[in-house]
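Chain lettering (A, B and C) follows the sequence in which the chains are written, and residue indices restart at 1 in each chain.
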Amino acid sequence: MTILVLAEHQDTQLDEATAKAVSAAGRMGGDVHVLVAGSGCGAAAEAAARLEGVAKVLLADDPSLANRLAEPVAALVVSLAGGYDALLAPSTTSGKNIMPRVAALLDVMQISDVIAVEGPDLFQRPIYAGNVIQTVRSTDARKVLTVRVSSFPAAAVTAATRPIEAAAISADPARSSFVRSELSGSERPELTGARIVVSGGRALASAENFETVLAPLADRLGAAIGASRAAVDAGYVSNDLQVGQTGKIIAPDLYIACGISGAIQHLAGMKDSKVIVAINKDPEAPIFQVADYGLVADLFEAVPEFHATVAEKMRA
Amino acid sequence: MKVVVAVKRVADPNVKVRALADGSGVDLANVKMTMNPFDEIAVEEAVRLKEAGHATEIVVVSVGPEKSAETLRTALAMGADRGLLVRSDAVVEPLAVAKILKAVAETEKPDLIIVGKQAIDDDANQTGQMLAALLGWGQGTFASKIAIGGAAIEVTREVDGGLQTVNLPLPALVTADLRLNEPRYASLPNIMKAKKKPIDEKTPADYGVAVEPRLTVVRVHEPATRKAGIKVGSVAELVDKLRTEAGVL
Amino acid sequence: MIHADDGILSQEQRLMRDSCRSFVDDVVTPFIRSNWQREWDMSPGERLPSAILEGAEAIGVRTLGVPEEFGGIDLEKETEVRTFALISEEIARGDSGLADKLVQNWKVSIVLRQFAPKHLQEKWFPRLLEDPKFLLAHCLTEPRGASDRWLPYNVPEASMHTKAVLDGDHWVINGRKQFISNGFDASLYVVYANTDPSVGMLQGTSSFLVPRGTPGLTITKCNETMGCRFMNNGELVFEDCRVPADHLLVKSTALASAGQYFRAGKIIQAAKNLGVGVACFERTADYVQNYVQGGRILIKHQAVALRLADMATRIEAVRSLVERAAKAVDEAHPDADILCNMAKVYASEEIMKVATHALELHGGNGAMLEFGIEKLFRDAAIFLHMDATVDVSRMKIIKNMFPATAGKYAGPES
């Protein structure tokens, strides 16, 4: 079995998502190749060639692949598909954009957001926002799948490097053109990829409090900021920070819920976090039922104290 | 400009769905059903395009059981002009849905197709991209903003780390993300008026599409529930535990 | 369970219910929960922000009862009252006072569409539709009595004190009306007044349309009530209040001909309190499944489970009766009056018990203003006395069942 992993990268650097997708591919058994498609992306290909478990890297370096628009990248992957039993990408927004297009062109039913590989054709994936896990067997001869990166460890980086081959560039279908990209100016990490998330609920009571109470702690921890739906509905933060079933579904190493009661809607978005901390003044709040560490306290006192304590420890 | 919108009937997102004890599926008996929230956003966007004078007709399509007609009726009450139910009592996977919608698009010849970015039941996030691929159209997925400009559409997409804007020649396909708009409620007068709007009914076979699933569901189970941990007495204790016991700080 | 069974609803009813529920869940409930102090604002106009009424307007629930030819909607006539009940319940699930504010409009719109001359319908329906703040009120109750007085011992000495006398081409109204729902805010009033002191009230009461601002009409106060506080109950005084002759809606037999919309009103009101009960149950069910006592969630304590079962049973029983009565009204069943009064009594007393359980099951939190359970309790409690007291309603049941004996006037005390 040979598996092609579509790399997630920013041309000059390889994203960790790729290393995680490589380890997921490794669990299917067989040779793992990585396709780095982009423009001026040699550095990313070199990084991919150092990932443990990778047999070969395919480099598709062409201006038509800049910005990794779905139509040309999908056409490229389809043109290479003949040599592979499975095609895999991390379920980042880029992977989710491209892979279903690949699957349809190959007449394959994609398996989305795989969280566990049980065999070459047997996979676990969450449905209903992770409230239920489905185990599915693919009957397609060729598999197309995306994998949830938070479910797999990153493949190790080795000193040894694997061969990098140039891939033939297929014709650009030219069904879309890039206009611009606006990356969020915030120094804070992106909510979906952050290792630590500090999240606030309606108890924060204002937009200002998110900035003055929550943000210092988040910044001290290098954490992303999240929010409950109630806080978003109240207008304290924009809705791209919403954690929950209708917002972002995240699984950071540490999730700190401040003044969040723990509605089902919210729990669906964060319950896979490795460690959950809840700070809430209501000792009976449902959030404590899922928290590893609960602190019954007024967040307006506890969060600044948390910040001060961490600052002190870090100096020490 | 003609717009086709596809909608799916799903379990209400506020309901916690449970796996059946025998692991064969999920228990949807007596569960309140509603229009997939992302599809509501897709319908709303189409209605706004019509209100802004861009769209002339909105056709709303659903692939699913008979009850999906009610979901179509909701879309009609929101402002769509007519409905098409492609009736199938069996589960239809996204690939087959995309094939059916492709056939619908070949008949209806829309300039724009809008679908929700994913259905909140199977969470597949595929149908729109697959449909665009089968039609050979450009795709603007996870849209948070769209702007019609002549024979093209500019789509601002929500991507990891920020926003990306692409330009697509029409006809094109857009999948709606949460921030695209806030859908209106179907008002009571419009619900009564929607009663008079037509809903056509077809089957996948009418379009020559086989709906046999490619994926076999082997088992459905609920993830292990988290156990409540411990209560700590102070911030100092909390930080200490996070550093030494959990090792996450 | 707890909610209406989808199977007995038409597709349109289900969609309407869904829209109302979304509006309540997205807009009304979050407002009520995070602004619990606002019902105690002593400037009545400040309590409910206009955004809530505008939201109600956007889903079209303020103007039910307005005919389609005037821009309203014609519900299916065969199930109209059942549809009213469904919507009233859903809105009251969010806030009983808001529901009351809105349902007065439906009730009075039905009066207008049935009895107002065409040119007045053409004048007032468009104004009602245009302005999201436009409310209607129905002025029956007087300081000397209300439902207790018009039992109806149909004799001159029981007639209304508010009087209207024809003077040229105007009617001149004098008197007082109290405990009037929407009385403080309404733009247009339907007023009942005696026009013939020599006969019983069924033969001598007329109804009039009185616009706010008519000289001689003074809104004297907003009543500070224990519940339903987002509906501003008011008192009105009429001092030589002159309305044009064409503002007479029904001459002499206003009360006798009021039956049809009174019945719909009773159902709407009972359904409204049912909505309060549903809210009590939902809040409590959520609470007891999440909150822990003695190491286990409350619902696993049998004493808690039993009370919850009692709440559910009473709600289902009330729903059955309200549905039966609503159907009877829709189908003009001869027992409709009796069933309406039964629905009112049962919806009052059983939901009061449901609210009491809710209060108890929330422990100390039940008594806290910011928790919102005591509000449901107050909203349920005030309903005992709304749209006729429960005991008067019971009297009406018996007088209707036994008109020849219990219904017979025994004469004045000698």
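Some points to look at:
By definition in this document, contacts are C-beta pairs under 8 Å (C-beta built on N, C-alpha and C of every residue); 3 or more make two chains touch, one makes a residue touch a chain.
The shown structure was predicted, so the numbers you read here are calculated from the model rather than taken from an experiment.
The remaining chains, considered with subunit C omitted and nothing else moved, are all joined by touching into one piece. Of the two chain pairs examined here, B-C and A-C, it is B-C that is joined by more C-beta pairs in contact. The chain with its C-alpha centre at the largest distance from the centre of subunit A is C.
A separation of 21 Å divides the Cα centre of subunit A from that of subunit B. Between subunit B and subunit C the centroid-to-centroid distance comes to 39 Å (mean Cα coordinates, whole Å). Centroids of subunit A and subunit C (each the mean of its C-alpha atoms) stand 53 Å apart. Residues of subunit B in contact with at least two other chains: 14. With touch defined as above, residues shared between interfaces to two or more other chains in subunit A number as follows: 289.
On subunit A, the positions that touch subunit C within their shared complex are 202, 230, 233-234, 262, 284, 286, 289.
Listing the residues of subunit B that touch subunit A in their complex gives 11, 13-14, 16-19, 26, 37, 93-95, 98, 120-134, 136-142, 154, 157-169, 172, 178-179, 213-223, 226, 228-232, 234-236, 238-239, 241-243, 246, 248-249. Residues 11-12, 14-16, 18-19, 22-23, 25, 58-61, 64, 72-75, 87 of subunit C are the ones that touch subunit B when the two sit in their complex. The touching residues of subunit B, counted against subunit C in their complex, run 14, 34, 69-70, 73-74, 77, 184-192, 194-195.
Listed in rising order, the residues of subunit C touching subunit A in the complex are 26, 30, 34, 290-292.
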